[in-house]
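Naming follows writing order (A, B, C and D), and every chain is counted from residue 1.
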Amino acid sequence: MSGFSATLRREVLLASRSPADMVNPLFFFVVVVSLFPLAVPPTPGLLEAMAPGVVWVAALLAVMLSLDGLFRSDEEAGVLDQLLVAPVELYFTVLAKVLAHWLLTGLPLVLVAPLLGYMLQLPAEVLGSLLLGLLLGTPTLMFIGAIGAALTVGLRRGSMLLALLVLPLYIPVLVFGAGSLGRALEGLPVSPVMAVLGAMLAMAMSLGPFAVALGLRISSGD
Amino acid sequence: MNPVRKQRLLIIVGALAGVALATGLLLYAISENLNLFYTPQQVAEGEAPIGQRMRVGGLVVEGSVRRNQETLENEFDLTDGIGTFTVYYTGILPDLFREGQGIVANGTLASHTRFEATEVLAKHDEQYMPPEVMEALQRAGHPAASEPGPEPEEGVSY
Amino acid sequence: MSSDAVSRAGLPAHFFAVSLSAGLLALMTWFIWSAPPVARTVWLAGGWTFGVLFYYGALRYPHWYWQTLERWYHQLGSPPHFYRIAGLWLPWLVIIATVLCVVGVVWGLAFAPPHHEQGNSYRIIYLHVPASSAALMAYVAMGVAGLVALVWRLKMAEIAIKAIAPFGAIMAAVSLISGAIWGRPTWGTYWIWDARLTSMLILLFMYLGVIALQNAIRDPRQAGQAASLLSVVGVINVVIVRYSVDWWQSLHQGSSMSMFGTAGSAIHPSMLAPLLLCMFGTYFLFAVTVLVRARTEILWRERKSAWVREEVA
Amino acid sequence: MHFDSLAELWQMGVHGPWVWSAYGICVALIALNVVWAVHRGRRVRRDIRGLIRRQSLQEKQ
């Protein structure tokens, strides 16, 4: 679809002009994870036991915070109103925007995760599970969060509301994401949990844009 | 076909493909026994893998409990009426642990007859009866009075 | 049903019939799924009787059915009509709800026999179970109303969501609080991260999210639509949370704390009777508070119209 | 009645504090819910009456 690739190109171009937006969530993720070893007593094994939860909660918060601005700049510039009346289905525009956002902020976060896993003293065998889990989980988080971002786009103090709306929706991903790493740590096969994460991604990616598009239409007062 | 129709068709096909993929993946996950819960029957039939962490549930066989007060070592037999195996557990058993009651244990299967538990949890009684009715049921040997049911996974609860 | 009847009654009635049956179906399924065994039988029998009669009538007198449905659709969809009908029903609903709740609670607290193991602490059941079931039922109702509001843009469906959410939030809170207090003497802990408890907590969060979103958006129609979308997404989420936590917990702690665990579990009639009274009483309480809030909301939204001015003056 | 006296009903064996505190808190919450709904209805009616009054004043001027 030309509308799809045009949106994708536009997003990448815009991001390359303000790299800070891209790097901030990554920094947030790294800083939050590195706070934990300082706050937790150095009991052997404690950090390892906490690691799945720490990494996944930090990734989830980083994704959520990065989503706040997903549609806001478009809305302020008036681009959103144009997208709503454009002859391209809003579904594709939304899909492209969220995917571009994931490529620019989510993927770096996934790639840096093994390093953080090493910092949290995770054994090297489970780093693959960590990587794969986040690879499947973060785009799901993006698509779910985009629904909240679409609903709060025109609101002042929207970021607090966004957290209230989106965090309960994130729980299944958190449960299975952290669960996959926990299973890997116990030496259990992770493929069933990864399959569930993949199923959630497929659902979020195929049905999420409908809800996001509807949310954008509602927010624009259409 | 005009472009708008073509786009809509593409969306519907894509969404259906996504839902189908999700369903397939979920079916695979469920077939893999996601929660790693095994019944004594499955253990007896060799369905449960040896040496892996898992969860088992069943009824404690009457008269099979052997406790060592010094070392806190316990062993008892677990059954669902079809299969039976022995559970070994070191530690304090929960208050509601009784012979004939349903329990759930986490641990590792050492062989097809030996389960080494790291945690033993007593199942709650699911009967809602006044005491006199319960006594009457027990006197009459009614199964409802003695069997809380070995499979507390499904069903309604609050 | 002849296609002639469908075309004569027009599309709205058709949509209404479909949504009504879908809503009824969802509610019935939920009732049957969550009911104690005895009540399950009663509801199943009642549901079948109702269904057979309804569809027999629909086949025998299609015109009358369609006309009635169309009339209901227009009356329920029209705020002044709804306001008046709700006003007529309210006194009766208040009386029924009060009588059922008071009789049920007094019976349960003072007259029902004690539990054979838990003693008297089980008496919290007469508070806890009705509240939990009302919280779940209200969420299902909110999801159905959300779907109707999104698909047909029915103003009354948006108002319904706004009226249901506070009741649901309160009931979820009651369920959590009474459950915690019951859990302490029974399980030895106020709280565990069991699937059932966790999903009720998430339900409370979802209610709070819907309320917050509604309050954050100025325009009532826009707020209604946004809340509808959120409540529909939330229904899916609550279902997934329920199962995800069940699967996840299975590895760590057993769900050993379930109360009515097995399908064959029994609750003695002497304990069930007050419980059923309390449950029905809570459903009537649901109707009362939702109608009161919906009437308030209608008045406020239509404050510029002539009929509201007459009504208020 | 299952209990012999009101005092026994209050004590409920050993479980009195649990049962009564649960009922106290939760019945208060439910009552609050109803009172809150009714109160909001009254306030909205008052506000609308105020609107009407102000409007008729403006029309007179």
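Operating definition for what follows: a contact is a pair of C-beta atoms (placed from the backbone, for glycine too) under 8 Å apart; a residue touches a chain by one contact, two chains touch by 3 or more.
Please read these numbers as outputs of a predicted model, since none were measured by experiment.
When chain centres are taken as C-alpha averages, the shortest distance to the whole-protein C-alpha average belongs to C. Chain pairs C-D and A-B differ in how many C-beta pairs they share in contact, with the greater number at C-D. Centroids of chain B and chain C (each the mean of its C-alpha atoms) stand 32 Å apart. Chain C and chain D have Cα centroids lying 20 Å from one another. Per-chain CA centroids place chain A at a distance of 35 Å from chain B. Chain A and chain D have Cα centroids lying 43 Å from one another. Residues of chain B in contact with two or more other chains: 34, 36, 53.
Along chain A, residues 186, 196, 200 each make contact with two or more other chains.
Of all residues in chain D, none touches two or more other chains. The touching residues of chain A, counted against chain B in their complex, run 1, 87-89, 91-92, 186-189, 191-193, 195-196, 198-200, 202-203, 205-207, 210. Of all residues in chain B, those touching chain A in their complex are 3-4, 7-8, 10-11, 14-19, 21-23, 25-26, 28-29, 32-34, 36, 52-53. Per the touch definition, chain C reaches chain A in the complex via residues 150, 202, 205-206, 208-209, 212-213, 216-217, 219, 222, 225-226, 229-230, 233-234, 237, 240-241, 244-245, 247-248, 251. Those residues of chain C whose C-beta lies close enough to touch chain D in the complex are 105, 109-114, 119-121, 123-124, 127-128, 131, 166-167, 170, 173-174, 177-178, 181-182, 184-185, 285, 288-289, 292-293, 295-296, 299-300, 303, 308-309, 312-313. On the side of chain D, the complex with chain C involves touching residues 1-3, 9, 12-16, 18-19, 21-23, 25-27, 29-30, 32-34, 36-38, 40-41, 44-45, 47-49, 51-52.
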